[in-house]
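Across the two complexes that follow, subunit A remains constant while its partner is subunit B and subsequently subunit C.
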Partner chain A sequence: MAGMVEKRGAGYWMTHLGLIIGLLFIFFPIWLAFVASTVSQPEIVKPPMPLLPGDQFFENYRKALFSGINAPVALMMLNSMVMALGIAFGKIVISLLSAFAIVYFKFPGRRLFFWLIFLTLMLPVEVRIVPTYQVVANFGMLNSYSGLILPLIASATATFLFRQFFMTVPDELAEAARVDGARPMQFFWDILLPMSRTNIAALFVILFIYGWNQYLWPLLITTDPSMNTIVMGIKQMFPSGDDIADWPVIMATSILAMIPPVIVVISMQKLFIRGLVDSEK
Partner chain B sequence: MEKRVTFKGIWLPLLLVLPQLVITAVFFFYPAGQAVYQSLFIPDPFGLSMQWVGLGNFEYLLGNAYYRASFVTTAIFSIAVTVVSMGVALYLAVLADRLIKGSGVYRTLLIWPYAVAPAVAGVLWLFMFNTRVGVITWYLGVLGYDWNHVLNGEEAMGLVVVASAWGRISYNFLFFLAGLQAIPRSVIEAAAIDGARFWTRFRTIVWPLLSPTTFFLLVVNIVYAFFETFGVIHTITGGGPQQATTILVYKVFSDGFVSQDLGSSAAQSVILLVIVGALTILQFKYIERRVHY
Partner chain C sequence: MATVSLNGIKKTFGKTDVIHGIDVEIEDGEFIVIVGPSGCGKSTLLRMVAGLETVTEGEIRIAGARVNDREPMDRDIAMVFQNYALYPHMSVFDNMAYGLKIAGTPKAEIAERVNEAATLLQLSDYLHRRPRELSGGQRQRVAMGRAIVRKPSVFLFDEPLSNLDAKLRVQMRLEIKQLQRRLGVTSLYVTHDQVEAMTLADRMIVMNGGRADQIGAPLEVYANPQTEFVAGFIGSPPMNFLPSDIEADAPDGARTLGVRPEHLRIASSGTPATVVYSEALGAETLVHVSLPQGGQATVRQDATMPLPAEGTAVHLEWNATDRFFFDADGRRN
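For the complex of A and B:
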């Protein structure tokens, strides 16, 4: 019976053909960027550019990584890495702690705290961008890692995720821990944290990509090129006037900007999909 | 929902919530409060004093032709992005769902664009359609079509829509594929035995059963188009030509940082806040319903 609906023959090949056409649409822009990152500037400015890679790969990537246009791309990648890891770790740590407090304690102000963080679900950073910028500027955190990271971990999505998960942990475990005379933090470290491993990893994948791909916020607060992140730094590489952009270096930078998140998504595909579904629940 | 078993103590839990409380207060509630506060004032040109105008900023905005045009632009933009990315994703998901073997390979390849930042996606598409060096621009020229999104507002809109939708296909594809795979095979096979062809099966069985996923994706994609496409627009068009691609979030940025019109920018933030609030409530209402399934 299993073979009833899926077809062999013409229908089967049409299915593959349809998917391959879709893949071409998805990959053409990436392929073209890659080709552009391996040819020389004259080959690009005299259109049409070639559709197959050239021989300038090492030259272009070396130039991008170690000299760049405003700042070496290797430095921008380091900044992006610090920002992405900072956001992922920072948000996971503060969310684990507060979710633990909300679920496993009855303390005064618990409901108020719960509703306060619930409100934060509703407001993306783009909306409160001007006043947030003023706060960060007043603290003297422009052009700093803390300025890049802290405002972006001020939201409660992860807290909710962990709260939902902790609610499903059997009460018997906490009961047993209490009977054994374990302190709350012992229970947290020895039981709750190991049980949350998969959730933490799944969330980490989503948050890493979120942090790496930030654009508007680093654009506003990193005026010093040495603090630029790679995703926002690409736009800064375009000349402001009528000059022609250095396309091979810009495209090499674009490819470099997508490599870390692509590696994370592909290598942790199962966790990524789980994180995606979890964080939308 | 409450835990039956809890630990004793007051200081420890307060200490545990403190980091999140402080960060949220300083970087979230204070700025959000400031946005509401500033929206009621007009700062003087030197930034030395603020003049109370009540709802004047809002009245001005709603009477302002550019702001109303930005609403229309945002509506067109987000509907187009949502329809294009969901359409392509559904098409690919239906095809991948038909495969017993090999759908994993396609899935691995199709999730790539999710990892590509909107701003990088913008640069990739800008490169293909660049008026001087773009490959597609050149081939369109050969075909006799003169592409110029720098001057033509409709072409600019088309380009930012496609670039934004492109990056979103992965996400929609994953949710559609999961939705399709959750539909019991037996139902579809029963219809097949009754002689229903693919299109009939899709229209009468698959599409209705997929509607919770579709509705969820509609809301999520509109939120995406509203807020997360800033990078695409900033890299490709900068809101132009003649504000043809200035969506609401872009206007908050350009009025607040480029024109330094803080009162107006803050009022726009507050209006956006109301819109996000409405969308969030819609989303939660929907999720509540899904839980009752």
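For the complex of A and C:
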């Protein structure tokens, strides 16, 4: 009996040890980035690299946030925030409405439209980037929020997810609402939307991070540094030619770039997991 | 309160005919049960009255007005669904109030009507709970409450008790009947359970393959079934069907002879049969016998009668007045 407990105890500690090592392994580069953002430029370039934070924390972060290299990071964060929120909300609204149409209304070409939406799953932004650029440029949306947001809003994944969820909602619920006198949009607002709230929360987290981490698209359509987003902005901070890279500021920017997604994930964790695990019916 | 009349109702899904023409006049305050096996079109018929299915042919009138092209909400009906269809994110109160809110009823009146219905259904203590925090019977009551608060002229029930366990079903059956009596609202009730149909109905519509085989008061239908299907469907255990040539005086064209189990007696002379097995149910005993002509029959006898052993050769007899003859099409002759 005692042997069994001991054995189980060993497995328990081994599992934890493994997890702790894995965690350290993943955390180490982030730690290095943080350390690099708190020391001065000469300290970074002089080997060995420091492993403990220095005393330049406020100086580096102030410099990054308010002057930056090409544009102040505060401005880039604002741009990223607008873009990520715009994409997340836009995608959720569009997908909710299209899934609602596809599931609850009979119209000619319903299946065709569904499959057309589904097909776009196979065409990520990168594949259709040239024609999309052409369209956005012709609409004069280069260097604008609408140019950053609109082309990324149409979402097959979210539409598909909501469609699957709506199909699990019993038909009788829609019929009961009809007997109660609800018009289609009243049913959507009063019943379908509140029932989807955990799914919406889960999608919001995923889509916010998707929008926040957009790299190629902002890189392509924002030439004005004041429209740069933070993720692509980091790359823009690397010097061209023989200039010296200002590593502490770049690293401070990297750390700043991680904060909003982390806040979103942590604050919505409970809803997020519930949205992925159970559908409340 | 209103009358409901169905005139020549037909329904086709694509090329499949589901309902072949139903005519019935339902009086004000009447409790009508539509009963039949699954797939006979009974739910479709109810859903057409509700306005959830379009009417292919024929006319539905509620309180004299043609409602074929009206939305469910404009028909002055309320419906109770099989799985209750309660809104999961709303409290019991909001579930019952939703229809009134949409109709723009003043808040004070909504509260009054919901509380009234809740008292009637013993739900007053549960008004702030969510449906998932309620038992099956309570959910069933909420679904009925949602129908009651709207004060409709017609109640439609679509197998409302089939998700409950047997004991609760009997209790709720009684409650539905009492409620309907008290409110006096014309009701249409769909079920596949012939006991529910017998106990609830003022009149019942026995449906078979998209046709109304018989419409009438339960005891009238039981005592005088018009078709072989109705004779076999209403009554438990079902009527025994024997080849009609067992009787010398069978009318011309008769193919089947029907006798109810309670009208068969085990006697010393008559039609010979062999006992297959007996089920003693306490108050009564069901004796299953096989006939030399082929086929089986069930005799329902009092528990005080002697219990015949399996394999015993016995004789069956019945009164000439208790016989039903059916022709090859299953019609009475």
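One rule holds for everything that comes next: the second predicted complex is superposed on the first by the 255 of 281 C-alpha atoms of A that agree within 3 Å, B and C clash if a C-alpha of one lies under 4 Å from a C-alpha of the other, contacts with A are read in each partner's own complex, and residues count from 1 in each chain.
Heads up, the rule we're going with is that a contact is a pair of C-beta atoms (placed from the backbone, for glycine too) under 8 Å apart; a residue touches a chain by one contact, two chains touch by 3 or more.
Model, not experiment: these values are computed from the prediction.
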- Consider subunit A as the common anchor and indicate whether subunit B and subunit C clash or fit when overlaid. fit
- First, second, both or neither for A:Arg178, with subunit B first and subunit C second: both
- Message: Tell me which touches more residues of subunit A here: subunit C or subunit B.
- Response: B
- Task: Return first, second, both or neither, reflecting whether A:Ile191 touches subunit B, subunit C, both chains, or no partner chain.
- Result: second
- Query: Is A:Met258 touching the first partner subunit B, the second partner subunit C, both, or neither of them?
  - Reply: first
- Message: A:Asp224 in the overlay: touching subunit B, subunit C, both, or neither? Say first, second, both or neither.
- Response: neither
- Now for A:Val103: first (subunit B), second (subunit C), both, or neither, which partner does it touch? first
- First (subunit B), second (subunit C), both or neither touched by A:Ala154: first
- Distance in angstrom between the closest Cα atoms of subunit C and subunit B, superposition on A: 7
- Taking the two structures together, which residues of subunit A meet both subunit B and subunit C? 175, 178, 280-281
- Listed in rising order, subunit C residues that touch subunit A in their complex are 50-52, 71-73, 77-79, 81-83, 85-89, 98-99, 102-103, 146, 150
- Of subunit A, residues touching subunit C in the complex: 170, 172-173, 175-182, 186, 190-191, 194-195, 280-281
- Query: Given the complex with subunit B, which residues does subunit A contribute to the contact?
  - Reply: 1-2, 4-7, 15-16, 18-19, 22-23, 25-30, 32-33, 36, 44-45, 47-49, 51, 93-95, 97-98, 100-110, 113, 116-117, 120-124, 126-136, 150-151, 153-156, 159, 167, 171, 174-175, 178, 184-185, 187, 209, 212-216, 219-220, 231-232, 234-235, 244, 247, 250-251, 254, 257-258, 261-262, 264-266, 269, 272-273, 276-277, 280-281
- Along subunit B, where are the residues that touch subunit A in the complex? 1, 3-7, 9-10, 12-14, 16-17, 19-21, 23-24, 26-32, 34-35, 38, 88, 91-92, 95-96, 98-100, 102, 106-121, 123-125, 127-128, 132-135, 137-139, 166, 169, 171, 174-175, 178, 185, 188-189, 192-193, 216, 220, 227-228, 230-231, 234-235, 249, 252-253, 256-257, 262, 265-266, 269, 272-273, 276-277, 280, 287
